[in-house]
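To start, the structure itself, in structure tokens.
Each chain gets a letter, A, B, C, D and E, in the order it is written, and its residues are counted from 1.
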Amino acid sequence: MANSENGKTMLKVEDLNVYYGSIHAIKGISFEVNQGEIVTLIGANGAGKSTTLNTVGGLLKASSGTIEFEGKSIAGTPAHKVVSEGMALCPEGRRIFQRLTVKENLEMGAYTRNKAEADETIEKVYEQFPRLKERFRQIAGTLSGGEQQMLAMGRALMSKPKLIMLDEPSMGLAPILVQQIFDIIESLNKDGTTILLVEQNAQMALSIADRAYVLETGRIVNSGTGDSLLHDDSVRRAYLGG
Amino acid sequence: MKRSKNRFVNYIIVLVFFVVFQILLSTGHLSSLITGQLIPIVAYMIMAVSLNLVVGISGELSLGHAGFMSVGAFTGVIVEAALLSKMDPSALNGNMGMQMLILAVAIVIGAAVAAVAGFLIGIPVLRLNGDYLAIVTLAFGEIIKNLLYCLYVYIDDRGLHFSLDPNSLNGTTVLNGPMGALGIKKISTFAAGCVLLLIVLFIIQNLINSKSGRAIMAIRDNRIAAEASGLHVTKYKLMAFVTSAAMAGAAGALYALNYSTIVPKKFDFNTSILVLVFVVLGGIGNMTGSLIAAALLTVLPEMLREFSTYRMLIYAIVLIAVMLLTNNAKFKAFLNGPFHKEKKEGKE
Amino acid sequence: GETANGNNGAATTGDQNQDQPADGQTSAEPAGDGALTGTLNLGVIGPMTGAAALYGNAVKNGAEIAVEEINAIDPAFQISLDVQDDVHDPEISVNAYQTLKDNKVQVIVGTVTTSPCLAVSAEANSDRVFMLTPSASSPSVTEGKDNIFQLCFSDPNQGSASAQYISDNKLATKVAVIYNNGDAYSTGIYQTFKSKASELGLEVVSETTFTDDTATDFTVQLKAAQDAGADLLFLPIYYQPASLILKQASDMGFSPKMFGVDGMDGILTMEGFDTKLAEGVILLTPFSADAEDEATANFVKKFNDKVGETPSQFAADGYDCPYAIYRALEFYAAKNGGLDVTDMSYADLCEILISVFTDPSFSVDGITGQGMVWDANGEVNKAPKAVVIENGVYVGM
Amino acid sequence: MSDIKVVEKPGPFTEEEKKLVNVPSDTFVTERDKDKPLVLETRHLGIDFGGLTAVDEFNIGIGATEITGLIGPNGAGKTTVFNLLTKVYEPTRGSILLNGVDTHGMNPASVNQAGIARTFQNIRLFDKLTVEENVKIGLHNRTDYGMFTGIFRLPKYWKEEKKSHEIALELLDIFGMADQADVRADSLPYGAQRRLEIVRALATDPKILLLDEPAAGMNPSETEELMKNIAKIRDTFGIAVMLIEHDMKLVMGICEVIAVLNFGKIIAKGTPSEIRSNPQVIEAYLGSKKDE
Amino acid sequence: MLTYLINGISLGSVYAIIALGYTMVYGIAKMLNFAHGDIIMVGGYASFCAMSYLGWPPAVAVLFSIGVCTVLGIVIERLAYKPLRSATSLAVLITAIGVSYFLQNVALLVWTSNPKVYPNIFEKIPPITVGEAQISGVTMVTILANIVIMIALTLFTGKTRMGKAMRAVSEDKGAATLMGINVNFTISMTFAIGSGLAAIAGVLLCTAYPNLVPTTGAMPGIKAFVAAVFGGIGSIPGAMIGGILLGVIEIVARALVPDVPSDIFVFAVLIIVLLVKPSGLLGKTVREKV
């Protein structure tokens, strides 16, 4: 969390509105993520965290509002182009390619890059998640829940993004791995990757985040540095379990 | 709650449909075309709601529904011929009661035989899923059609005879291979069709709203969870499939006894597809939609007759356009316009 | 100048003489002079789209040419044609029929194909609409229906005539048959051929079948015929599959005599067809586009101009039907001191036409037969012509 | 959790058997269940997927009203154990005894009818049915009328439907969901979906309830609520609960006995405090830097 | 018997080549493209017109026909299927049926119902005689084309970048997007290739059974669909094997039981095979992980 001071704005979202049919899920939120930061969105179930990430990542269409990535509006840009510009999303529910093998899944993650670079990154991912290396030929759909979660994260890393958005990366992971995941996030950040993190585990998320936003029923109700929110009473009561 | 309200909507639709057209019919305000189409429309409505039980409620794609209709149709014809051979043909003229009795017997037996066919094909086939099930039902429909091509049935003084040899025909021919059934006595009536449709709706809708129907839908939504909740999957899939087959059989008998001749070829893949189009267009799982789509799409090609050679072309374009429109989010929102607001207000 | 004008005027007045009194021109008087006047609404039903569109369109085009000619003969009598598509489906065919009734059609030419015709003829029979089918050849079409008539040979007629012809001319000793057992027409001819053949002592050594769904590969059927030592192959089928059979037989080096029926006519006119394959094929057909009589030549030319194709037997049947009806009405008018068909009910016309068609003294000369007469059953009586294909053209036998 | 007393109950194995296979310990049951028969026992249970042995020598005995935790690293085979118990997978070896009856030859449906109900790691609801209908599917085998009665709406239909409506609402009320009875299941928030799955499983009137990561995706306060409810379920219905969970607060908070799985084998069994301080478990699962 | 086998293979190789296109589109776009048979028909007409009316040499005509069908496939996909990306698969199925009717009726208006006899473009290839039977030139070309296309498709989907993208798209379009894959382009390409293959199939079908009418593609299309399922839909070698087996069963059944329509046996064997192997001969059964 060191290099946030001189970071210029990497992602800027303004007055974003998203509907599911007639359900108004995101009600005009604005936030930004600066280069080199870890920013986290916290909020109860159904607050709209995943919706926000999916909209930024291009899986959902915003009904209004602007999304700028590195100064360029990406609201109308097709999602796959945004990926090649350096943004990656590790979506909720993993969405790995069930019938492909572990290795093929990882290779898909590096679709926008050339093979040599990809081969290099894959070794790094294998280092971070040795289980994936052990199982590189297994059909991904038969992996255990936690293994799939590792694969999803590994796949997102394969594109070597400038900005990575992680939707509950620790979900379903054993405590020992949760710790590891947060370590990985921090080390990624040290290597210069900007991170937008959504976590149920608010405690840990806030403790590594530079800044955080609190989302409640589609609106941002609070924001500040990770530390300040960690000690904010209302936040403690609502999201940290007392 | 919503579902049970819909149920009465459907009965009312059928009743209104019946009353309006019966009045128009008896006052001579209907064109010959519409008059002639009333019974086929009712038969297709039954086909559509029964297929919807399989496709919409049970969630299986069936491409051979016309096969069951065919079984019911030809069974119905044979039953009629067998019954008529036992009586003086003139006794039937003007004897509405007798006609209705024969029709009822033909429909019931047609439905029963179709149900048996559904059971036999259902037991093995329902173990498959998705497109594999679809292809097997398609295969079943084609097998029925081809079997009927070489089935010859006749009645002589020793009774009813079935044969595969065209040269064995003797006495009164009932089924003549590819020529199908000839000289059927037309005993179907619009009123009888509507009664049958109401019965079918009654059975299907009450089934859906009973514990069995819930089980069928649960299996559709998540087979593994349904098993884990103690449901025997095959039993309920079979229940939907056989019920649906029986109703298609009933529709077939009603349909067949409205024409003086029917041919096996009528009940081919294209007819199965046609009924599927009714179901999808009317909305999968939506019985009201099935009724309306069946009626409209049966009449549509006839309404396009003035375009002569462009008729089927326009039909194809209409079909594509309707599919695109009904699946277009904006268009849907537009259709739901007024309700839209209500919902929003209700929520906030 | 005066006379010509006068005639034209007469015709016009004749047409509308319900509204205005005739202005002194006797030729326009409806009754008394045996003239046929008025406008006849004539319906046609057949497959104009779908897999059998070929046959329906041939009939339609033929009928249209005939109607143009008839309308040019005498402005006092006009036919207005109403063509409806039935996609070769009995249900839709009945719909087409009902549409024609709604359109106030008075007489129907149709339907083109057999299965739909069975369904429609039953309706027409109970409604009392006169129907003349150009090509639906099953005897069931006319059986027990006094107002349904055929212009084509009936299946038994063709089936037994074929057997008879083969036997009489000693064309073969061992006969093989390939027929479409998913098709009423083909199966119908096969059945009567078979019984006549056994009656005549013709040996049928191989009987094989196909359906519309499997009408691509005939090698098995041909092999069976070849293995059975057949020296004649009887093909009671339409020309489209027949063309494939001829090709595959030739590829196999199997060359028995080929014998077809009226459905075979048209084979020579298929675009791109190698007529050498059909060399020596014999068929019983009432029509030959190569016939040299004036009527045929005239029709073939007009058809060619209109559609750009040589007409098949279906087209010829379609052409003869309106003429047969026209002649029948003329016949009646002449006998009964004139007839104005405008707004006549179809039931009245039906009785008139039945009486004429069953009148032994009524006969029609058409391009599909000279002196066609009908029996009370509705079946036509005309001489089947056997032709053999030589050098790509029909040659009478 | 200090009030829980765990006693050793003679396990399913004879002394000889224990020597043959490496059984870490005998079955533990709470004092409460000491005199009641075990609800579930497994012997030498195991399954292979191709070359991979996902579960091996899984031997456990569960007391009649016990809350058992099944924990272990990702891919250890926990979910697979549930799948074996509920016959989603047929075991490669070993046997499962439910109330002393071998479940061999049963299918998922009959195992459920025999008394095992479960939830899934990836939520599996009947999406297009309402909340109440989802619960009624759970009540299916307790609703006593057939297809014919259903179609013709005979008096029994009304009686039974009324009964299951009432039970469904009662059950939903445990989680305070009765007011959402008419909502479609797929429009519920994630947490509520997890709860509904539990209610549905409960509705099948099980003797043992298997919960696969019930707290996944829930925030701390929701998790706390869930803990209370699990205890409440056990108390009200007097059934056994076995749960898989990675949230240590929940596991340590409500489980009376915990089994730890690693590479398909049980590496430790014991009370929460025993497990918490077991060096093998810390090494393989908890991690040394744990923040509790 | 050998004769029947060879004849069966001749017929089957035609089914196989159609099935390859079917399975390709199904495997990637996860839709039953019932209009595939009609694209074959258009391919037949396009090459026929090029040869007969424009006098182009067969090779050029075939290329022309591939071009026409490829463009047609892309256009159909864009106009009719793309708007339904998020709709149920049944909606797409019905639309495909609509497209099928549309193509047939356009063909009816353009080329009329009068059958065109397709020229034998492989006349120069002498048939091989095996025992009593002959393997015709077109059969040899068809079998060769099958093998080449099968290998090419397998390599293409397995090895190339585009092929990889196709596999990702077939699994999960949303996730594929997140990988940077242009989903719309990928699906367009799938249809382009599938339709190009349809053109080749059209040429071979019409050469083998030279009878071209607007409904020419319909029945072979359904048979090929059956063949693709038979072999395990989505599996490329499966489509080829399924097609050939289907042809052999059809011919042998006809030879052994001449009185009964051979389709009865074809479909009966299909049902039996699927009961024994629920995902077709070479289809993979993927057990759902719970």
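The criterion applied here is as follows: a contact is a pair of C-beta atoms (placed from the backbone, for glycine too) under 8 Å apart; a residue touches a chain by one contact, two chains touch by 3 or more.
The model shown is predicted, which means the values in this text are computed figures rather than measured ones.
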Clusters that remain linked by touching, chain D excluded: one piece
Common touching chains of chain B and chain A: D, E
Steps in the shortest chain-to-chain touch route ending at chain E and beginning at chain C: 1
Of all other chains, the one whose Cα centre sits farthest from chain E: D
Chain centre separation in whole Å, for chain C relative to chain A (CA means): 76
Intercentroid distance (Cα basis), chain E paired with chain B, Å: 31
Centre distance in Å when chain D and chain E are each reduced to the mean of their C-alpha atoms: 50
Cα-centroid distance, chain B relative to chain C, in whole angstrom: 36
Residues within chain A bordering two or more other chains: 142-143
Touching two or more other chains - residue numbers and ranges from chain B: 142, 146, 149-150, 224, 309, 312
Residues of chain D touching at least two other chains: 79, 88, 120-122
Chain E contact footprint on chain B (complex, rising order): 55, 61, 124-125, 127-129, 131-132, 134-136, 138-140, 142-143, 146-147, 149-150, 164, 224, 269, 273, 276-277, 280-281, 284, 309-310, 312-313, 315-317, 319-320, 323-324, 326-329
Sites on chain D touched by chain A in the complex: 49, 71-80, 121-122, 189-192, 213, 216-224, 246, 248-249, 284-287, 289-291
Touching residues (chain side chain E, partner chain C) in the complex: 3-4, 7, 10-11, 48, 52, 105, 108, 112-119, 127, 134, 136, 208-211, 213-215, 218-220, 247, 250-251, 254-255, 258-259, 261-263
Chain E-facing residues of chain D, complex: 79, 83, 88, 120-122
Contacting residues of chain A [partner chain E, same complex]: 57-59, 78-81, 83-84, 88-89, 91, 95-100, 104, 107-109, 111-112, 139, 141-143, 155-156, 159
